[in-house]
Amino acid sequence: MKLLLINPNTTETMTATIEAAGKAVAASGTEIRAVTAPLGPASIEGFYDEAFAVPGVIQALREAPDADAAVIACFDDTGLDAARSFAPFPVVGICEAALLTAGQVGKRIGVVTTLSRSVVPLEELAGKYGFAERARIYACDVAVLDIDHPETGARAKIEGEIGRAIADGADTIVLGCAGMADLASQLSSVFGVPVVDGVAAAVKQAEALVTLKLKTSRRGAYATPLRKAYRGALAGFAPEA
Amino acid sequence: MKLLLINPNTTETMTATIEAAGKAVAASGTEIRAVTAPLGPASIEGFYDEAFAVPGVIQALREAPDADAAVIACFDDTGLDAARSFAPFPVVGICEAALLTAGQVGKRIGVVTTLSRSVVPLEELAGKYGFAERARIYACDVAVLDIDHPETGARAKIEGEIGRAIADGADTIVLGCAGMADLASQLSSVFGVPVVDGVAAAVKQAEALVTLKLKTSRRGAYATPLRKAYRGALAGFAPEA
Amino acid sequence: MKLLLINPNTTETMTATIEAAGKAVAASGTEIRAVTAPLGPASIEGFYDEAFAVPGVIQALREAPDADAAVIACFDDTGLDAARSFAPFPVVGICEAALLTAGQVGKRIGVVTTLSRSVVPLEELAGKYGFAERARIYACDVAVLDIDHPETGARAKIEGEIGRAIADGADTIVLGCAGMADLASQLSSVFGVPVVDGVAAAVKQAEALVTLKLKTSRRGAYATPLRKAYRGALAGFAPEA
Amino acid sequence: MKLLLINPNTTETMTATIEAAGKAVAASGTEIRAVTAPLGPASIEGFYDEAFAVPGVIQALREAPDADAAVIACFDDTGLDAARSFAPFPVVGICEAALLTAGQVGKRIGVVTTLSRSVVPLEELAGKYGFAERARIYACDVAVLDIDHPETGARAKIEGEIGRAIADGADTIVLGCAGMADLASQLSSVFGVPVVDGVAAAVKQAEALVTLKLKTSRRGAYATPLRKAYRGALAGFAPEA
Amino acid sequence: MKLLLINPNTTETMTATIEAAGKAVAASGTEIRAVTAPLGPASIEGFYDEAFAVPGVIQALREAPDADAAVIACFDDTGLDAARSFAPFPVVGICEAALLTAGQVGKRIGVVTTLSRSVVPLEELAGKYGFAERARIYACDVAVLDIDHPETGARAKIEGEIGRAIADGADTIVLGCAGMADLASQLSSVFGVPVVDGVAAAVKQAEALVTLKLKTSRRGAYATPLRKAYRGALAGFAPEA
Amino acid sequence: MKLLLINPNTTETMTATIEAAGKAVAASGTEIRAVTAPLGPASIEGFYDEAFAVPGVIQALREAPDADAAVIACFDDTGLDAARSFAPFPVVGICEAALLTAGQVGKRIGVVTTLSRSVVPLEELAGKYGFAERARIYACDVAVLDIDHPETGARAKIEGEIGRAIADGADTIVLGCAGMADLASQLSSVFGVPVVDGVAAAVKQAEALVTLKLKTSRRGAYATPLRKAYRGALAGFAPEA
């Protein structure tokens, strides 16, 4: 099967991290293709960036009509509901995938994200996915694009927050940023608890949905977008259904 | 004070309805200016349209730097979180405003919206605003732009859903579409319960916030967007903070 | 319009504070009249005082048949449900008004109240208004009537609790006592976050409901009290409907 | 032990029903004394009546300083929080007692109350006691004082609502009015499910608390009322602590 | 009446503690019989032990067909739902009984249990009983069978957790292990708050249900087990209904 | 990888259905082995049967020390918490797996189970997994072992309940019994919505956890069972950790 990994921000190096994380866990028959959003912000930090990253996600979906499923590889599950309404194949978000994966190996989940401005958005997201009482969000106060810059001390800060989460009762950790994808197994060894990376988790969920032949329901909230005119710079996105 | 009413869709006739609803309740010192989103969908029906309507909302905010507050006049509170992060003045959503207004004159709220695809999105929104147990959503199955076309039987269908809501225990009704703004007082007479139009409710909330000298908190989730590059058709929206 | 501000306790100096807070934000056409409860406790601190303050609130409503709306200016929203059932005009509570106002400029609300015995009652109230997950209550351990006595160190204690709330993640502060009404703007400057005073917030909500021509629903829980005999000292309060 | 049963309304015949229900289940060493509220409304139907019934409940407590525990025998648990703050002995509410008793013999509870105006107040009460998802409220639309008047068809209407509750999935019934106390065993036979009367349930809870030597906590929300002046008709209720 | 107290673990000394706690509060006409589970684990610490303790609980019920009610005296309410489905008489759990008893004398409950592995199971149980927002679980990190061994420092550790709970806002304490039954009154004196022992609380609930002639509902989830074959070591437990 | 599918009941024909469902979706490198519980009930219908099925599940785990993961193939997720505490490899429940799979292709889930006695247990389970507001349970009133007997009319009854669920707003269906595993694709065609079979869903989750190298957390609630004596028929299950 063909799996599309969408990096909703426009930073290519992060796409490479995502692709590596995806390929590392893909099944033998799965062809992973990671793409960078063709338009939008260089990184997604908060509600504003998120809003402007959605058209890029949809554009990436449009350019991959032959995919069997897609993964949106930013931890705010950028545009997930819109993407599910649009795409003819299943779409998986890395936050949702990480939480439901973590929830099968633990009871209380500590999510370590980047900036403190993302704490409330992720609390809202966790609540939407049914994890209000099981997941708690921690911010390491490192910007998304600084995660893999050693001089920012990101690794130590992330470890500090994991320690705090465990002290608060977390038995399982979720890395709350696609840019942390490569740290999961090391951190798991250090802390002796499961550490879930959302990109890897989402790839397995996407494979599962494809194998199960499940497609997004067209009844209710994910009904096919109605045909109508779109004006201005976004006119090309008008639904043709 | 200057109040900006943003119609997040690109249909001018709906902007006129919104403006009339706003002007009808504005305080004497309030200057109402209703604008149509300069880009985006002709109407907002579901998650997909909503995503593409957000840049138009932000653009409208950018073009009104001297406003004292803004109202987003679509019942899905299109891009409200992004708008609050961006605008230097308070931003009010008509769904949130309608619910909290209705909640001060009643206990159980029936929200009558347009298409059934909007039921779940509005349930999620009501939940986010703390009305999960007090509000219930009903769809009259009339498209947004058909609301004021007599031949669609919209009025009768809306009344049918209000009747259902009251039979289910609602004591207060909220009209769940900006296009229904002109029906509130008539429907209130017919059914003998308060009927809240979100546009009018939101204008009063916006005036309240301005008079109270309250601005959106910059601590936490609504922190000012960080300066960074945006690529492609949306490059012009890159934050300059 | 005529707005009745009811101080549910019998301390006149507090009525003056309330009146000043109300007049400072009232619209030009709004006539503010603040009254002191004609019977009941000197201050309201906990469930017991609250119960005995309700008849005074109702009495104040009865003596103002020409009001257009009323505000109950104690942060436990003393007798709000009874008042809404009784009054022919809308009634607003300062706790409810403060929370819904704060909720439009922030995501996480720290409420600073007086004595620790009020923490649970306010948690219950916040829950009833849909803010269980968004608001957290802090007590500064100063009695209501000591709030404006410099020698009690009230100001420093309130600031201490605001600091704690912000450290816990609050982005917006609500002052949880009508006696703190005059501190809002100063505290907002000190802490750099919105600080909401309930009296001012409630005046704007009351004006909004009047302008929107909304009255309390008579269907359901707020139905007009049924005619029946009341015995003893409270006989005069028997409903005449 | 001495158990005080307080009828919060001023109708003596209802006190007799309550006393009989209490005596029928009291332990051998329990002395039941039922009293009628010395002031307040003839029946309690909705928020307004409830507010004016609280002083009568407190007065009844004051006149029984030698009681070992008290039961408030109206299904809205009239003034329960104030009573617990005041009384030197435990106080039990019949709604709380009925729900927690029913919850030990069943999973889903149908509460059948009198007028539809009481549905939302009881939903709020059930929510406060932790039964939001387990209890559902039904109104038989018979006034409190008409419950035992055969010509009102009360019995048939109550049975109709019990039938509806069972059809909706209730496995246990709670009678939501002290005036229905004598119907429990008959209705249980008719429907083949447990039917709980709150008065009887509360007597057993009160006996339990006394035997367990538990008293209301004075830390937190139920702290002893602070000494202060009360003005007017209610001056005599000023706390003396 | 005959009351069966089941110690779900197989440690006789603990049965003695349970019996003493039960007899200390039983009504004059109540005959208490405490039995040790005839099969299963020596103590119950976590999900695994709990699962293997259920057959012993059911066996104890089978061997007491003439009981009027039973109490399951382990704080995880071992097999309570199965026991209620099976027994012809009411069955009470000490966790449920303790919480609902504590909830009638306080608002915020601190539960002090043994090992930290029990925190989440008890959080889930408290949530099921409607106490998610009112109860918080603390572990003193002493194994169940070490509770009454002075050299383990259990008493000091329990007191430490009670202190923490009170500092966090608890006004009432529940002892979260049947082995702590004898400490309740002493700890209540030390801390000046109600301290509830589940065994004693459950005995009173069981007496209440018997006196009220309430039996477990056979409609819905507690329907009588259907006749069917059971294979292997547990064949003897096959339902005969 | 080696995947153990455990049929927690002792009916071999059902094991065959489960095995077929699992093999139909297993990845190429996955070796599926389905086993029948060596002890316990012939079918699991309600709390009582469930309790006696847990030892069989654990026994099946003990007999497969070389498995990489296990699936518990009964829709009440029989003994899942105990199994996770015990097994050295991840354990997946078909109810949890079905809900989280369905939740990625739809918003509102209708679960169709067998007998009405299972409705509340499944509501409790869905609530535990965070689906309280998204999933609703329907019973088709066919016993587990009658599901594949044409003369019981099971197929028509299941379709009837699916129709009811969709009318109530469900956009996605979950089959709430392992015995229905073979019906998913046909029913999806009939109703035009995704229909999820838990066995297939769980196999994919198990594969995902193995590939992601995630194991159950040993910190907190799933800590390794402590070494202690077990008495009687279950002595062989005593933990050896």
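Per-chain residue numbering starts at 1, and chain names A, B, C, D, E and F are given in the order in which the chains are listed.
What we mean here is this: a residue touches a chain if its C-beta (ideal position, glycine included) is under 8 Å from a C-beta of that chain, and two chains touch if they have at least 3 such contacts.
Since this is a predicted model, take the numbers as computed values, not measurements.
Trainee: Would you mind naming the chains that touch chain A and likewise touch chain D?
Mentor: A chain counts here if it touches both chain A and chain D, which gives B, C, E, F.
Trainee: Can you report the angle of the rotation that maps chain A onto chain E, using C-alpha atoms only, to the nearest 5 degrees?
Mentor: Between chain A and chain E the superposing rotation measures out at 120 degrees.
Trainee: Between chain C and chain D, what distance separates the C-alpha centroids? Give it in angstrom.
Mentor: Distance between chain centres: 29 Å.
Trainee: Could you tell me the distance, in whole angstrom, between the mean C-alpha positions of chain C and chain F?
Mentor: From the centre of chain C to the centre of chain F is 52 Å.
Trainee: So, what's the distance in Å between the C-alpha centres of chain E and chain C?
Mentor: That pair's centroid distance is 43 Å.
Trainee: If you look at chain F, which of its residues touch at least two other chains?
Mentor: If we look for residues of chain F contacting two or more partner chains, we find 84, 107-108, 119-120, 132, 169, 220-222.
Trainee: Considering only which chains touch which, label the overall pattern as line, ring, star, complete or other.
Mentor: Topology of the interface graph: other, matching no listed pattern.
Trainee: Can you list every touching chain pair?
Mentor: All chain pairs meeting the touch criterion are A-B, A-C, A-E, A-F, B-C, B-D, B-F, C-D, C-E, D-E, D-F, E-F.
Trainee: Enumerate the contact residues on chain F facing chain B in the complex.
Mentor: 107-108, 133, 169
Trainee: How about chain D: which of its residues touch chain C in the complex?
Mentor: Its residues touching chain C are 10, 37-43, 45-52, 54-56, 58, 79, 81-82, 84-86, 116-121, 124, 128, 143, 220-223, 225-226, 228-235, 237-239.
Trainee: What residues on chain B touch chain C, complex-wise?
Mentor: Residues in contact with chain C: 25, 27-29, 84, 90, 92, 96-97, 100-101, 103-108, 129-132, 134, 166, 169, 171-172, 185, 192-194, 196, 200-201, 204-205, 207-209, 211-222.
Trainee: Spell out the residues on chain A that touch chain C in their complex, using ranges where they run on.
Mentor: Within the complex, chain A contacts chain C at residues 119-120, 127, 132.
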